[in-house]
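Below, chain A partners chain B and then partners chain C, in two separate complexes.
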Partner chain A sequence: MLVTWKYRPRNTFIQRLDPRTRLLFFFCVIFGLTLPDIWDYRVILPLFAMSLTLYLLARIEWKDVKRVWLFIFVLVFMIVGLNALLSGRGGPASVTNTASPVVFEVLGIDVTIAKIWFALTQVVRMITMTLLAIPIPYTMDPNIYGTAFRKLGSSDKVSFTMDLAFRFLPTFARDFTITMDSQRARGYELEKVKGGIASRLRKLAPLIIPVVMQSTVTGEEVIDAMDLRAFGTNPRTWIKADDLRYKFADYIMLGLALILLVGGFVLRFGLGIGEFFIPDFFTNLFL
Partner chain B sequence: MNNSSTWEFGTRQVVYGAIGAALYGVLSWASNFVPLPAAGNVTFRPAVAVLIFFGVAYGPWVGFLAGFIGNTLGDAISGWGFFWNWSVGNGLMGLVAGLVAAQIKDFRAQGDIVKAVIYGIVGVAVGMLFASFTEMITSGIDFNTALVGYFVPAFIGNAVVTVILVPILMIAFAAVASRRGR
Partner chain C sequence: MPEKPLVIDSLTFKYKTRPELALEDVSLELKQGELLLIAGSSGCGKTTLARCINGLIPRSYRGERSGKVLLHGREVADMPIPEMAQVVGTLLQDPERQIVASNVFNEIAFGPENLGLPRGEIISRVDQALSRLKLEYLRERETFNLSGGEKQKVALAGVLTMNPSILLLDEPLASLDPASAHEALEVFRSLADEGKTVILVEHRVEDAIEAKPDRLLYMEEGRIKYLGPITDLPKEIDHTQVKLPAPWVVRRVKAQGATVKEPPKPPVQERGDPLVVFEDVSFRYDSDLPFILENVNLKIFPGDLIAVLGPNGAGKSTLVKHAIGLLKPTSGRVLVEGQDTRKLSVAQIARTLGYVFQSPTHMLYAPTVQEELEFGPKNLAYDPMLIPKFVNESLSTVNLNGFAEYPPLGLSFGQQKRTTIAAVLAMRSKILIMDEPTAGQDFANYTHFMNTMCDVSEDAQSVLSANFAATLFITHDLDLAVTYANRALLFGDRRIIADGKPQDVLKDEELLLKYRVRPTSLLRLNLSLLPQTGRFLPAESLAAYAP
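Up next is the complex of A and B:
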């Protein structure tokens, strides 16, 4: 069975936008931030404010996203933030390569000012991108995914692959949780850390095998259904394609997206702004 | 190896490419939360075995799509952003493993399993080499860091996962396939 994301039609600015605009905007921000490798807080903070505004404009009910945000906070603060704080890895090399005063020491690991500032930047940077990603499943009609990619110019087959991948994502996430719960009910203990690496990896088999094998069976059913409808023999009709039209607001957003994308490259490679650095006010806090 | 059926891109490839991508995305995301074994700075991502398996079972296109789209989705839903070179690297990993697909006749036979694992390891090597060394361009790390800091741990971790989990997946798949008469 296919599970859908919790999509709900709402009459908001975000949902009146063309889905193509939203996908392009999302990718432009991510490309603009990650391709020129921007770590400057003066660039990241305004982007964060913009993402937060757009997120709030989507008016997603808190009860719908409560769990998702809980997961994200655990990941961002506990795992990534802590890792960045201790190791300084996962970002620009200058965090660990440049000498920086040690603030304190945990378990024999030096926590430097650079690592602390990097951890803060990393957390805000990740949340900036997450804020743009989360509303997509909640505010974009699942019926329109494939059409949006088709109208963006990809082939029928590639559009359909993207459509299916998006749609299978929540289904497999649910399958995975169900499998984990049912194996636990049978006495399977994931948390029990015992044995060497090989035996610990093998212990994951009861989780992975049922989900993967079920998905191969689902695949055969989907293939049959598509083959019976003669998928791929002729150019496909996308009924919803006519609904997609760029309006005034779309052009504004696309313009903004382009500015952000080009801006990222111009700042980094043209003006030399955007590299990781520790602002003086932050260093002074510790001295 | 290069016959038309290896590189065919039809309904099968569309569906399994999508399924592989969604599975790889979900499992990579889940591995943020599941306590995974680690040794030094080598982490073991079991999702990689699923990617290699999809390549082996359904061919290079499925492997590439599963790796490329799956890694992109997994990174996006975890909030990492988009790292094109790691996405392409993951795609290459599945693609190279998929080159063996046409040669696999029996998913339970020892010879076929060994072949699949070897192609899987080569795939891991190619994909991670690509990702590690393009990292020299994207984040300006030096050759040594790329080799010792990125490639070696990623290669060891993914290769170990491939050796241990891919045979288990193949044997389980043989049972499912024979039960359904396909």
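Up next is the complex of A and C:
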């Protein structure tokens, strides 16, 4: 059985928005940033401020999301940030192509001013997107996931698949906890898993295999249960479809989303703003 | 619609992947409003028969089928799925497997939504189903937060909204506590009284007869062994294969004139120092969440074989997770062999206390049973020379000799369950804790398993007492406590309500009912014969004492 995220109803601006508005807004910002390849901090910082404001407006309790943020911080700072700092890859070519002054050296790798600025930009850019993504599962009614996608024009099957996919992650987390507990009761200690990557992966098998097996079984059960109740045989009625209506605030937010999406392209390709560049004040810090 | 909702004529089926016939020449007819109980042990063909009725055979399971299955005169194989789903509503064994939506309203509306019915019609059907099963209070609740009994009723409501004329209930009591099972059976009866044809597949005949079935169909090896009324124990039914009321078993044993040897009395052990001590233990997950345990005091002594009883969600699993150190008390302390669990890692405690989780699939991972059993001893850094000996002895103890090279995930559910116990046996822990050891196994299999583990012979200790200083198991099956335990714990309202010998704890019927433990015929018979027997005995052994 699939479980849901820790959703609770709150009378906030964010939760009063139509779920479709929130999904569309999220996708517009992501695409507005990534498709035109925006790396200019003057564009990213205002977007960051906007995302932070919307995040705070969602009024999510810190204790509900602290684990998720911990995971995100580890991912963004340790993996993405460090990779950007050392390799300079994963972004515009100008980071590695430009002859930027070397600030220091780590393990024989030159860390240039360009790489440092790129790492900072990358971290802020990713957190801007994360700030918009995290509130969605915590503040969107899980009963409306599928309906929202259906009303956005997806087919019945795609919409219900999205509904199930949203609930897959917390279910995976629950199964992982049970498996972790049962292996710990057999003396397994994750902190003692050492060695090279292959060896570590092998030693993680007692966790990975039962969780994957459980997920497969859950998937098959869901399919059987849906078949027995005639899913996919007729065009479906979505009972909550009429509950979704755009209101004034939705039109404002959708307008803003459109501006951000189109704006990203206009800035980059029309006005030539948005490319990666290192501001003088930052370069001067090291010279 | 024609008179007969279901007609099965000379039905024979063989799965593509198996050589033997799963069903052989099965014929039966059901009337509108009839409640048929189908019983038999694992592999008797009852699940295959159910699949033939709900159309999963031939759609999802391939094989050779001959004969007819007619629903209101139409061959099931020729009916399109949406039509099928409106004639036969299937309730699966585990409601968790059936529920797909995240809240109750959506779950119940799921079927009619798939049929593309108009919105008003769907809402009206959902409200009718909620009202019919008295579930209005659950309308907007999240499905994963419901109790086992509530989940079962919500799944049933989801089936009823398809308005089927036949209800096929596949072991619907398996995951319910006894009180919830009783409520479910009353609902099944009333649905039959309202004109639904109800097919109840259940190996726990004792429980199922509460639904007052009109007829019983008993199967063995794919054939019908008995089809008829269920007023008394028909001689065709093997009481070791399905769970029958204790007085029926006693009458059967007496009629056969068979003498069933009374199990030898277990040796009385001196109570040494306690192995595990709970001192005023309270626990909650977070400061803004309610307590799950409150001021629990408990001592587990050498020689204890404890059955923990109580309703779903009472905190039984939380209690035992404290003993292994997976959870630490919010206040109070838990001592394992005198040491506070706060100062010990789970791995350190695992040397003293082995914990078998309820579901084998959450634990089994290795390519072979041998490697699965080596996992624990290796983690605990036991002498590599001794590990093969531990593994072999454990395999032999749970009767899995010859399976060492098998992949655990390819074994049957019962064998997987025994593998998980062998995996803990191989760790040589002093205390064994099992969470619902019989869950998912049929009566014949779990009786065999528990007898193997607990039976004492004249010259040898039981497997449990030979390998463990103490054993504790959580169960919904009161008869396990009656038959096997030497100490019973009744748990409810976040604390221990009663603790003592089974004959003392289980004699207060009112108290048991308050905590959703329904007295069984075996308990009642044992209590009435207690002055003569002096202890609780299995039904067969009571024949020697019963008038």
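Rule of thumb we're sticking to: the second predicted complex is superposed on the first by the 254 of 287 C-alpha atoms of A that agree within 3 Å, B and C clash if a C-alpha of one lies under 4 Å from a C-alpha of the other, contacts with A are read in each partner's own complex, and residues count from 1 in each chain.
We adopt the following convention: contacts are C-beta pairs under 8 Å (C-beta built on N, C-alpha and C of every residue); 3 or more make two chains touch, one makes a residue touch a chain.
Computed from a predicted structure; not experimentally measured.
Visitor: Between chain B (first) and chain C (second), which does A:P142 come into contact with in this model arrangement: first, second, both, or neither?
Guide: A:P142 contacts chain C only, not chain B.
Visitor: Have a look at where A:V217 lands relative to chain B and chain C in the superposition and call it first, second, both or neither.
Guide: both
Visitor: Report for A:R236: first if it touches chain B alone, second if chain C alone, otherwise both or neither.
Guide: It touches chain C, and chain B stays clear.
Visitor: Which holds for A:P206: it touches chain B only (first), chain C only (second), both, or neither?
Guide: second
Visitor: State whether chain B or chain C is in contact with more residues of chain A in the superposed arrangement.
Guide: Of chain B and chain C, B contacts more residues of chain A.
Visitor: Mind working out whether A:E105 is in touch with chain B, chain C, both or neither, as first, second, both or neither?
Guide: neither
Visitor: Given the touch rule stated above, what does A:F27 touch, chain B (first), chain C (second), both, or neither?
Guide: A:F27 sits against chain B, while chain C stays out of touch.
Visitor: Just checking: does A:D181 make contact with chain B only, chain C only, both, or neither of them? Give me first, second, both or neither.
Guide: second
Visitor: Please work out whether A:E189 is in contact with chain B alone, chain C alone, both, or neither, and reply first, second, both or neither.
Guide: After superposition on chain A, A:E189 lies in contact with chain C alone.
Visitor: Touch check for A:M226: first (chain B), second (chain C), both, or neither?
Guide: both
Visitor: Once the two structures are fitted together, what part of chain A is touched by chain B and by chain C alike?
Guide: Touching chain B in the first complex and chain C in the second, residues 164, 167, 205, 207-209, 213, 217, 222, 226-227, 231-232 of chain A appear in both lists.
Visitor: In the complex of these two chains, what residues of chain B are touching chain A?
Guide: Touch residues, chain B against chain A: 9-19, 21-23, 25-27, 29-30, 32-35, 37, 39, 44, 46, 49-50, 53, 57, 65, 69-70, 73, 76-84, 138-141, 145, 160-161, 164-165, 168-169, 172-173, 176-177, 180, 182.
Visitor: Going by the contact rule at the top, pick out the chain C residues touching chain A in the complex.
Guide: Per the touch definition, chain C meets chain A at residues 54, 60, 80-82, 85-86, 90, 92, 96-103, 105-106, 109-119, 122-123, 142-144, 158-159, 162, 286, 321, 324, 326, 345-347, 350-351, 354-355, 357, 359, 361-366, 375-376, 379-380, 409, 423-424, 427.
Visitor: What part of chain A is in contact with chain C in the complex they form?
Guide: Residues 1-4, 63, 142-143, 164, 167, 175, 178-179, 181-189, 205-210, 213-214, 217, 221-222, 224-240, 242 of chain A touch chain C in their complex.
Visitor: Quick check: in the complex, which residue numbers of chain A touch chain B?
Guide: For this pair, the touching residues of chain A are 27, 30-31, 33-35, 37, 71-72, 74-76, 79, 92-93, 125-127, 129-130, 133, 157, 160-169, 171-173, 176, 190-191, 193, 197-198, 200-202, 204-205, 207-209, 211-213, 215-220, 222-223, 226-227, 231-232.
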